[in-house]
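This report refers to the structure that appears directly beneath it.
Every chain is named by a letter (A, B, C, D and E) in the order it is written, and numbering of its residues begins at 1.
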Amino acid sequence: MNAPDAAAAKVPFGTRLRDWWGSLDRWQQWAVLIPAVLLIYLLPVLNPPLLTTEPGTDFQITLFNAARIALIAIGLNIVVGQAGLLDLGYVGFFAVGAYTTAVFSSPDSFLATDYPWLACIPLAMFVTAVSGLLLGAPTLRLRGDYLAIVTLGFGEIVRLLADNLDPLRGQRGFGAIPGPEVTRADGSQVFTSTDGTPWYWLTVTVIIIVLMFVGNLERSRVGRAWVAIREDEDAAESMGVPTFRFKLWAFAMGATVGGLSGAIYAGQVGFINSQGFDIITSILFLAAVVLGGSGNKVGVILGAFIIVYIPDRFQVIAQYRFLIFGLAIIVLMIFRPQGLLGARQRLLTYGRQAYQRLIGKGEQISSESALGKHEEGVLR
Amino acid sequence: MITHVTSVLAQDPLIDFNFQLLVDRFWANTIDGLSYGSIYALVAIGYTLVYGVLRLINFAHSEIFVIGVFAAYFTFASLGFVPGESPQLGLFVLIGSLLVAGLVAMAVSGGSAVLLERVCYRPLRKRGAPPLVFLITAIGASFAIQQIFLITLGANSQPTIRLLRPTEVFEIFGARVTNIQIMTVVAAIVLMVVADTFVNRTRLGRGVRAVSQDPATATLMGVNRERVFMLTFLLGGVLAGAAALFYIMTIPAAAVYNGGFLLGIKAFTAAVLGGIGNLRGALLGGLVLGVVENYGQSFFGGEWRDVIAFVLLIVVLMFRPTGILGESLAKARA
Amino acid sequence: ACGGGGGGDTGGAAPTQQRAEPTQAPFSPPADAVLPAGDGQGQCSGNPSIAYVGTIAGANAGLGIAIKQAVELAIEEHNQANAGCQVSYKEFDTGGSPQTALAPTVAAINDPSILGVVGLPFSGESEAVGPALTEAGLVSVTPSATRPDLTTKGWTHFFRGLGNDAVQGPAAARFITGTLGAQSVCVIRDDSAYGQGLATELTNALGGAATCQEEVKTGQREFSAAIGTIQSANPNAIFYAGYYDEGAPLAQQLRDAGIEADLVVPDGVKDPIFVQNAGEASDGVYMTCPCLPGDVFPEFTNAYKARWNVDPQTYSAEAYDATTILLRGLDQGISDRAGLLEHVRNYKGQGLTKAFAWNAQGELNETPVWSYVVKDGQIQRLSPID
Amino acid sequence: MNPQEPPTEEIHQAEGGLVAELERMTPQERAAHDREVAAAAATDREIAVGVGDTLLELRDLTMRFGGLTALDSVSFSIQRGEILGLIGPNGAGKTTCFNAMTGVFRPTSGDVLLEGRSIARSHRHQITRLGIARTFQNIRLFGEMTALENVMVGTDARHKTSVPGAVFRFPRHYAEERAGVEKSMALLEFVGIADRAAEKARNLPYGYQRRLEIARALATEPKLLCLDEPAAGFNPAEKDDLVALIRKIREDGYTVLVIEHDMRVVMGVTDRIVVLEFGRKIAEDEPEAIREDPAVVAAYLGVPDDGSA
Amino acid sequence: MALLELDGVAVHYGRIQALSDVSVTVEAGEIVALIGANGAGKTTTMRAISGLLPLSAGRVVFEDEDITRMRADLRVRRGICQAPEGRGVFPGLTVLENLDMGAYSRKDRRTAAYREDLDHVFELFPRLAERRNQAGGTLSGGEQQMVAIGRALMARPRVLLLDEPSMGLAPQIIQQIFRIIRDINADRGTTVLLVEQNASQALALAHRAYVLETGRVVQHGTGRQLLDDPAVRNAYLGVA
């Protein structure tokens, strides 16, 4: 029972990874990052034998699905992971994004506008942002789990409206939703619903852009305000943080990203109806965030991948795939209670320099809450 | 485009209102709502208790309820009742059978809830997992339990076994009140009083409350935390088992793998509506939800039922941010 | 030819119903029904497969599994009888929703050995994957997707193995107002594309006789609101457009509430499970179905039961027929998708459930709609509705 | 300041870092360094103007909770540049007074005027921006953030980068970030916990957490700094440091309102003292006079303490 | 043998070592004080004794029994009771219920002895009697501290662990707290382990005392000895 070593061995993988990452120089980081991103882009082409979900499910579409859920997870992570607002109805925003696209572009729509897909994207983002504000403004004064159930209700209400209101066509749905108009030299469409690869590349690119923006936010006054709200809302308010406004921002930005993902999705499948925007889906989004490590951008992407991948990987034993999925979640959570990459994020633009000057090293957060929390148990 | 939209809307109103039906059905809706709301309430207690102590939305509680439904069903079956037949039972046989089925359901549900706590949540606690992780694990457990039922018992609900047909006992303002409804409401209130007394009046109950507020300090008072957690799940499970019995009596074709989902969501909504963490709130929330849902269905139409439930919740929370009876969790501690 | 026992005359009937009980029409089973085994002389080229694409573990798994099992059974029977043509069975779980259907379907498309598909069971997912299947030229025969407009999308791969809602709806309306002589009908629908489509067709056909409308949700089990509406409207007959999962408790609660009006349900409810789950309340429930009565092909029922240990359910027989049709093509040595597609397009033959021949859109030329009634815990055929 | 010895953990071992440097300094160098720090930590605004004016005024402030009157028509005012002590028995209403001043509670009646402007109806974050910062009796830090980040949240109260500004990194963002980090580090040094800047706040010992709260409050550049029992949990030596720190804060031009039970701190640092009992003001005077005031002695001080407590 | 003994105790928070090789003995009937600067590890020591933290080395012995791995609530039943740092008042329970929680492990909760103890607490802190039905969370800081101490007294412990009991209390009450400690030690024979920043008073009261510095015991002796030690005076008693 030799203490220090035992303790050192317990340091979570995520932390070690982060420490290692933090210890690298900028150029070293790039040297790792660029090949990694390249590899991610090449995945659908490589279709690696062990990783692939075929023959049960098309691997490229699975990858696209993983990517769109990853985008959702990044948006949800702003709300849940950063600002600490538990949102169980995030699927509502996803649905609003998808439906906005459908309503404006599908020939089935009562609007009969037939806008191209690209024009629908900003529209969808705008409408979801507004819906985020509409939901947030009256409810963001609620605390913790009261907010959670209200958002859950919102998600359900969105779905039920789509189901009940005639112009939204219920399960009859909207068909022939167009994708981006890009043609190859031979005149064939690049973005078709059967070929997941271009969609995947598009989504990954969007993810990278969103990640950059979100990362900027994180290491700024706004990101700090969010985390402060998450930690102690009253104290944050007393330190001059306009908590309501920042919560609303978090909600609106999260919603916008969700809506964007919904719009991309609608373009890819070409048909949407009121099925599949239910609570379960919503909670799976949340599972992606928590599984990957709430608050960690890279983590939640990993989480999204797992959420999509596990059921698809086990298509060949279709009957058991959701059982496997359920058990996998339990086991993963028990063995990695902080999420796969649950490490805290940086909140300062110049943090590295500051800490370096002070203690001679880059920032290293010296201890883990996971173990430190023993005395307080799970609660609060 | 605007004119187009308005013309679409003009020819077909989005929602029809039926005020007459609301008036006609007022008492019938009230009575049906109270009895179905009682089932919500019993299930809601499980959510409220676990939430109160662990700050965990136990999404697998709906599955605990389904386990109870199956337990009650298979008890009927093993008591020799056969699907399709509607036996003429003596009073004692009837009460005896129901009692046995109820006890079995309560025991099985309670036991599974404790097992769930042991297998899924305790390891997390030992590792100091943050609250959200419990939530996700609950989802995982819910998935797994559902799928086990799907794989072993198939996708269809079990053939109906009916011990008791609803028969009218008396009328209130022309609305009939059936034997099953009376049993459900009475049982819900009795069980609620028992649970409430337990939590608020007994030493162990006080331990439960202490753990819910400050687990570390509670252990410093000599409260066995693990025992409290177990007890909480047990109590919640037992009440869900009781709810299961009344549920399958009301809706005999309910023994199916995914039969708990919608009810679980509603029960949780009821718990929050009443003020989560508050037992009496769960009862009140269940009843209010049941009744208002029914009024709304008459007024707006049946497809709006769930919308009404959630809108009610949002409206109530906007005016009372901690539910109808919920005390402010954010105690002034500045 | 009106097979009903005399419900034809409804003109001027008093609001209180006056009608004779509908009776069973004589019926001789089709002697020439083609079965999967065929003549045992099948010779196929290569190693072709037929796929079931539809829900297995996702939403509405029950319906999907009943189809999947029939497909598997048909292929097994075929392979046993035809040493010269061994067809592989493949399955793809779509999860039953358009959200998740695309990836497994594309996987099926990408498997070159798959020449034909039985599926997809639901209209929504069918619409989501329709363009993809057409583009791949992969023929699909659906045993259960009934939304009329699926055949108006310009797809070339899509064949419907049963009558659509536009066929059944008016037929059911004729049955209700004609045979049953009802003058006021409550139409209850669920929120599925099927229920919605059927209810709309039915309501249009009923015209003024449709006096009340109510909607319920998939998964709902408590129906006091719908019952309240019905009690207020006090109709002669009630039609439930939906599936048996909700239909059974609805029937039960209707009867418990003391509503004695005729209850009529469509093929989505016509299932032994409905009878089991509704118990006594199923007694006297009328059913309409664009399919031939099941009591005329006991061999299939028995074989299915022997293989899977459960009774065949809604759409099992349709799936069995659909598979048979695909197998016939493979037996002839068809080795590519275009060939099989062409085979189905030109197919003419009697199946268990009906005679199969499609028009250019992929709708059956002839879709008899039959009426049934539940008596003594059995679904008994009445007569074809004309 | 006298920062406690850095803990032994290898994590904190400085390799040529600031801490090691500090240890190598001679007292003179150290003093010079301290002055630099104080200068960096000082507000950017000129706040020492108009010393002696009334900065904050409480007018008949009353606060009731149900049937309980926690504050009963309390009036007093604070002059710019002074250190005012607020003392009284437990439950006298001191913290409630803070809460009513900083917008945590809406006063039942009465008014709070900051520079002549009523703030009784303002939101908490507005009040902070108007220039009142506080610490909490039960420490309330952002546990998962590092000490430095905690202070940065305070400096952010004076920053203006908007959400788009942060997303697209406008120049102002960089300028504010840089200034904020500099200032926060200086403040941490100022209160003597710079060596633990990279540590999560929740893991700091109690006394360090109190100092961090002070640094965080100072970071909002308040006109008035309100400290609720800042010396609780300090040993006498540390309390002396605290007294020195509060004096230094005042020297920088801040006005300070301090609640404290430790008489040595109160008497050592305040210019004037207000005494509350049962929600009512029973005395207001200079420290020496308060010490002798019989009402205060009876209500609060009890037997004059022997000087060691 | 000592009543309570810490033997070579080490505690880690994750990678940080908060205590190393701490050995403390408390004899039956003694008052022992722990003093030390912020972050020295006093609270950590108390938590380790109560079983709220796992040890990474060493053992805790109570009445000749190794309780290193015993659950926290069982230690309370053995008679080790703590009034924790930060008070730990249950915010949603009333004052009365809070005090009652203190007696949670007592078997005689329906007897006169229990009543007497309750009256005793109310006598010591009349303020609490006034506020007996107020929710713990709305009490003032000092009132909460009174509840925490009163609650610990309600347990009638064998060993009473007090972590900074005087924090947040008015001078008068502080005097009273020290009196109470002396009294229950003298009258009831309760053993007390006391963490106090009010070092001079604590040392004056304690039979023996330990000085902690960065997780280690650096000095120990009788209260008087330490009080007279110039190094200790300089570091912890301040220059008045």
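The rule is simple: a contact is a pair of C-beta atoms (placed from the backbone, for glycine too) under 8 Å apart; a residue touches a chain by one contact, two chains touch by 3 or more.
According to UniProt, the chain labels map to these proteins: A = Amino acid/amide ABC transporter membrane protein 2 (HAAT family); B = Amino acid/amide ABC transporter membrane protein 1 (HAAT family); D = Amino acid/amide ABC transporter ATP-binding protein 1 (HAAT family); E = Amino acid/amide ABC transporter ATP-binding protein 2 (HAAT family).
Keep in mind that what you see is a predicted model, and the values were worked out from it rather than measured.
J.: Starting at chain C, what is the smallest number of hops through touching chains needed to reach chain D?
T.: Each step joins two touching chains, and the minimum needed here is 2.
J.: Compare the CA centroid of chain E with every other chain's and tell me the farthest one.
T.: C
J.: Specify the chain most distant from chain B by Cα centroid.
T.: When every chain centre is compared against chain B, the largest gap points to D.
J.: Provide the C-alpha centroid distance between chain C and chain E, rounded to the nearest whole angstrom.
T.: The separation of the two C-alpha centroids amounts to 76 Å.
J.: From the C-alpha centre of chain A to that of chain E, how far is it in Å?
T.: Going by mean C-alpha positions, chain A sits 47 Å from chain E.
J.: Counting only Cα atoms for the centres, state how far chain A is from chain D in Å.
T.: 40
J.: From the mean C-alpha coordinate of chain A to that of chain B, what's the distance rounded to whole Å?
T.: So the centre of chain A lies 31 Å away from the centre of chain B.
J.: Chain B: which residues touch two or more other chains?
T.: 147, 212, 214, 216, 225, 303, 306, 332-334
J.: Going by the contact rule already set, what residues in chain E reach two or more other chains?
T.: 13, 15-17, 52, 138
J.: Check each residue of chain A and list the ones that touch at least two other chains.
T.: In chain A, the residues touching two or more other chains are 163-164, 234, 319-320, 322, 366-367, 369-372, 374-375.
J.: Applying the document's contact rule, which stretches of chain C touch chain B when the two form their complex?
T.: Residue list for chain C touching chain B: 57, 60-62, 65, 191, 214-217, 219-226, 228-229, 231-232, 245, 248-249, 252-253, 256, 273, 276-280, 310, 313, 377.
J.: If we count contacts the way the header does, which residues on chain A are in touch with chain D in the complex?
T.: Residue list for chain A touching chain D: 213, 216-217, 220-225, 227-228, 230-232, 234-243, 249, 253, 344, 347-351, 353-355, 357-361, 363-367, 369, 372.
J.: Using the touch definition up top, name the residues of chain A that touch chain B in the complex.
T.: 80, 86, 110-113, 138-139, 141-146, 148-150, 152-154, 156-157, 160-161, 163-167, 234, 279, 283-284, 286-287, 290-291, 294, 319-320, 322-323, 325-330, 333-334, 337-339, 369-371, 373-380
J.: Provide the residue numbers of chain D that touch chain A in the complex, in ascending order.
T.: 9, 11-12, 14-20, 102, 104, 123-125, 128-129, 133-134, 136, 140-146, 148-149, 152-154, 156-159, 161, 163, 166-169, 173-174, 176-178, 181, 184-185, 194-195, 197-200, 202-203, 216-217, 220
J.: Touching chain E in the complex: which residues of chain B?
T.: 203, 206-207, 209-210, 212-214, 216-225, 327, 331-333
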